[in-house]
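Got a structure for you, written out below as structure tokens; questions coming shortly.
We call the chains A, B, C and D, going by the order they appear; numbering starts again at 1 in every chain.
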């Protein structure tokens, strides 16, 4: 059976009704669910509680269906949310299921998924080599679990890790330990950067000798081309979801990826679709075959896009990540026809500065 | 010579240096400038002062070059600014010049421009039939001035009119007169709606009998397909800039328009370019020929885009106009390759609900 | 025993640990809890989900302690949250308990609390006389339940009712019924105004003949001096918490109220404390006796405060309610010394325009 | 005659009419104006252009009255604006005039003002010792100019200096020079911190040996108790306005200062008024004698105020400076009765962490 991919809309962070209908209709077996990747309608910042609310809501519903406690749901299923539905982005979750062993394999390489976690980190470890190394180890574990032999068959590695919170800051102060920064919103660069470098290290994209504490959030020439990392105040440990194509994985999906050169790179969007097996025949792809798109959005570090000045970085009213997600989300949706896309912000060590990763999951041609 | 079109970037609302360089280089004769249409990097709301700052800055510079007072510059040149550079939108001005009479005409219809103004309005007239009728009369005047015989050759009518301000509200209260609304930010729908209905009436797009006070901001089936109206607290009267193609107009530009069905309607963007004479050969237009694009962005009134829920209207942190401009601006720029686009918000009586007008000015093939 | 008043801090909308500690320590018997009134750290708008997250979190915790379902907790306990911790306002809940019957009464009038609910309302009823009348009836019921004979002994009536949501709007459209407004954030004035008029009607503060559909959100000379109403998208019915002093109520608390003339009316704050029995001896009250303060904050409808222009109403970046709560919350905290205050926005029909109610619960002198 | 103090309201950043009326009425001689300190209604961030708009507007008006160029006005008069009118804060300017030499002195010490500037700084110098040392030298110069012999008679030193802008960042990148930070909004701490340390050094509040590059924005135990510094993208050099009391200064005003322990420290506000000669007789000061109040607002670095958690620092929607200004401005206005107060954000090296300076100018008792 392989990996199943189900996109469900959400009318609020606590709305679990669409998945519940799929379960009631027999379209999704709750016992096979292994991961959620979704967008919630918060502000995407340190005080965005919509992610935690969505997780709790799905946990309660699934605990009821699985006859277990909500805590056990958390141990069985990975939840990755990005807050912030700017522009046309629509709140939703993509639910991944994994079929029973021994299912008949499709012909050729098909979507495979490996999931791994790290230990919990103390506030003073956020943004440090302790995170980099733990993530690298977990990425390797996830790749093997997914049955992907060649790291080049890995197309998307989603990592969600902890963010420095005011509570974490106070805790560190009590114990007299130093932090990489004292600004909760400012800790995102270090938090996301360290987990992305962990992916790059785990997949062999960068030499181990180059990855040092000083490199985190500064040596931007070191990066992973397939990492997409986010950080949330509600987490202590990192969760890694590694996607690729594996021979014998079975199922009906393929994944591909590409690099977005800037926030309006329509060509990059089309390249990711093509890499996943959806050619742009006659100028418009067969969008009905697209199951999910995951991308990162970023403000141009030069303050310029295609030779024009951009004001994202100097705007004190709206955070630059919100501007970037609004722009890229609309460009992708203008091509795929579906605003329920996972676009998250912050590309530290994820592609070269100014660039960003994009991955697409597409139904294989039968 | 016809109408000249010059796009100048702005490093701040007060940055007039790029136009000054064009003047110094002889590329623009300041005596021929008739209008500015541009984007400034404010919030686009009632307390956005970047528009007034830009106008004052250009007035001072041009007064120096023209040897006149800043007030005289205002009488000679129309300034239309939309605040809000969300997403990738880049601060800039498109400067329109008008060549001397008797210039050799190009072959075929070319870009023509008519400019007209209305009288000043009292706060209690904002959003009323008094505005509708004055705008309709001015639109007719502008069309004749532009030398456009057939209203169907009109492709874009930009109207900027007054908004209700706290000062206007206080003034009305002192005089004991009623207003269409008491909410300054809420007056935008009435302000923009009444001027758009004025365009529709002036171009014969709607029957005069249907245009009543009750229809303003409620009868959304009454609209203009070529109006783009905005409102600003710094204005008392309306300024109308009417663009179309006229036989014998001369010059090197053509204008066309289309309707955007939603904020991610890439097809609508391509249709406007094609209508202006830029075919989408082989999937990608010759973007070097595009001189300027003007569009309106709007939240979906149904709260849905392509079957997915949209959160613009319920977001209390970021105004829905800012979400809509961010999305549409990025989609247009992903096709034209230039983020210096005029995208403004609010489409009351401008195309059918949920739709929005887009116009493109393109260099004619020599 | 009478009414107990316990203020608990919250480190996040989902943080129920401080109440859990009070329960563990025997300081609060969960079976006696009847109501929560609190502030959560959202934006206070239509897309603020922190209120629902807090309710769900307390429901789950209390269901565990009470050995019942979360749904049963909702039937037993009223939850009233106001989103938005602007300025110094601190996230917290004030938890009200009601002792067993027959408890020995304190001498003199003491804090009494009556709770009542209305039926659920359809989207098209929000902001209409249907709500006004149902609230008036429930207010009367709550007063009798509290054992308060004279309506003049009622000092504070908190009402939380439904807000128009995008989902409600879509539902109404499907059924082809008209709404008082189509703007979710704009529906707050109608939603809060209709419940406040219901309080005024229920307490006999306004003549029944004057309260008509047309009066809602327009006849601002009709108001309650003790109503504090809010509206949230997560509610369908109205919940009324009526507070006053009753002979024989027992317990250690007294309540008083006053009117705030503007957002910086320190004298009004002191008057409320004095009315509750806390005199301002020598310029500074004995703040240790203050148990809770509840107030409403509002932008000045004239745009002026003490003869100076105020920019709240024209600010397109920050909603005027957030400005008003930030200001008033700081003024109150500067007098009481405690930033954990309930300050909510929107005073439609709650005191005269520009004024706002404030109530204080104070420990009676033994 | 001494120093004159005139507060003028502003209906917009470009509204200069109230000062123009004072000039027309003979109440202010434009030739005697030496400085403006005011609040404008922008967002207070790197993209707040209301400050520059206000300066330009006053320059144009005064150039007309003084018969000179706007540039010459800039050389003669210091303009210090803080953007952000949160809560009740009202847009205004306090205009300072200096009478002719030889004017009859009042009895006792009276308000004195010294003004000095530094050279322009390159982007890479912002936030460095180059700024600290230049400001220290200018402070010393300003004190001598004001005729204040003892640094302890200095009560308020306002410094406005440059902020790192995207343009400055690009310029530094072109030249390959390093900056203290690459984040324009994040450069405020370094920009304001370095000028505040310059004041502390210039007044002998800290030992010269302790003031090093490493100390800037980190050694928060080093500070000035009378510095109030801000930073704006429109400036290249620093402007210093030093206020104190001097024997023989003449005029009718006195200045005093105090320290605010937190954003709700009403006692600190009263202490500043008392230090300026306005006793708090019977609990309420004679507010009619207050000419101007200047204060700094800051988020609590511990995230706690009076034992309650504060959410300013984790709010991704509203910058913490805006929360802090809203709170403190309301507390001050609740005591003085006037919302036209100068409250600006950011207290790096201005009082101990969490504390902030406040100064008051009061009419001396005749």
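One rule holds in what follows: contacts are C-beta pairs under 8 Å (C-beta built on N, C-alpha and C of every residue); 3 or more make two chains touch, one makes a residue touch a chain.
Fair warning: this is a prediction, and the values are worked out from it, not measured in the lab.
Colleague: If you tally contacting C-beta pairs, which pair wins, A-D or B-D?
Modeller: Looking at A-D and B-D side by side, A-D shows more C-beta contacts.
Colleague: Look at all chain centres (mean of CA atoms) and spot the one farthest from the centre of chain D.
Modeller: Centroid comparison gives A as the farthest chain from chain D.
Colleague: Taking each chain's centre as its mean C-alpha position, how far apart are chain B and chain D in Å?
Modeller: It comes to 40 Å between the two C-alpha centres.
Colleague: Starting from the mean Cα coordinates of chain A and chain D, work out the distance between those two points in Å.
Modeller: Their C-alpha centroids are separated by 45 Å.
Colleague: If I count partner chains per residue in chain A, which residues reach a count of at least 2?
Modeller: As it turns out, chain A has residues touching two or more other chains at 11, 41, 43, 47, 309, 311, 315, 317.
Colleague: Can you check the complex and tell me which residues of chain A touch chain C?
Modeller: Contact set of chain A toward chain C: 11-14, 41-43, 47, 49-50, 52-53, 56-57, 60, 167, 317.
Colleague: Any idea which chain D residues touch chain A in the complex?
Modeller: Chain D reaches chain A through residues 43-48, 165-166, 169-170, 173, 183-186, 233, 302-303, 309, 311, 313-317, 319.
Colleague: In their complex, what parts of chain B are in touch with chain A?
Modeller: Spelled out, the residues of chain B in touch with chain A are 9, 11, 41, 43, 85-88, 90-92, 263-266, 283, 305-306, 308-312, 315, 317-318, 322-324, 326-331, 333-335, 337-340.
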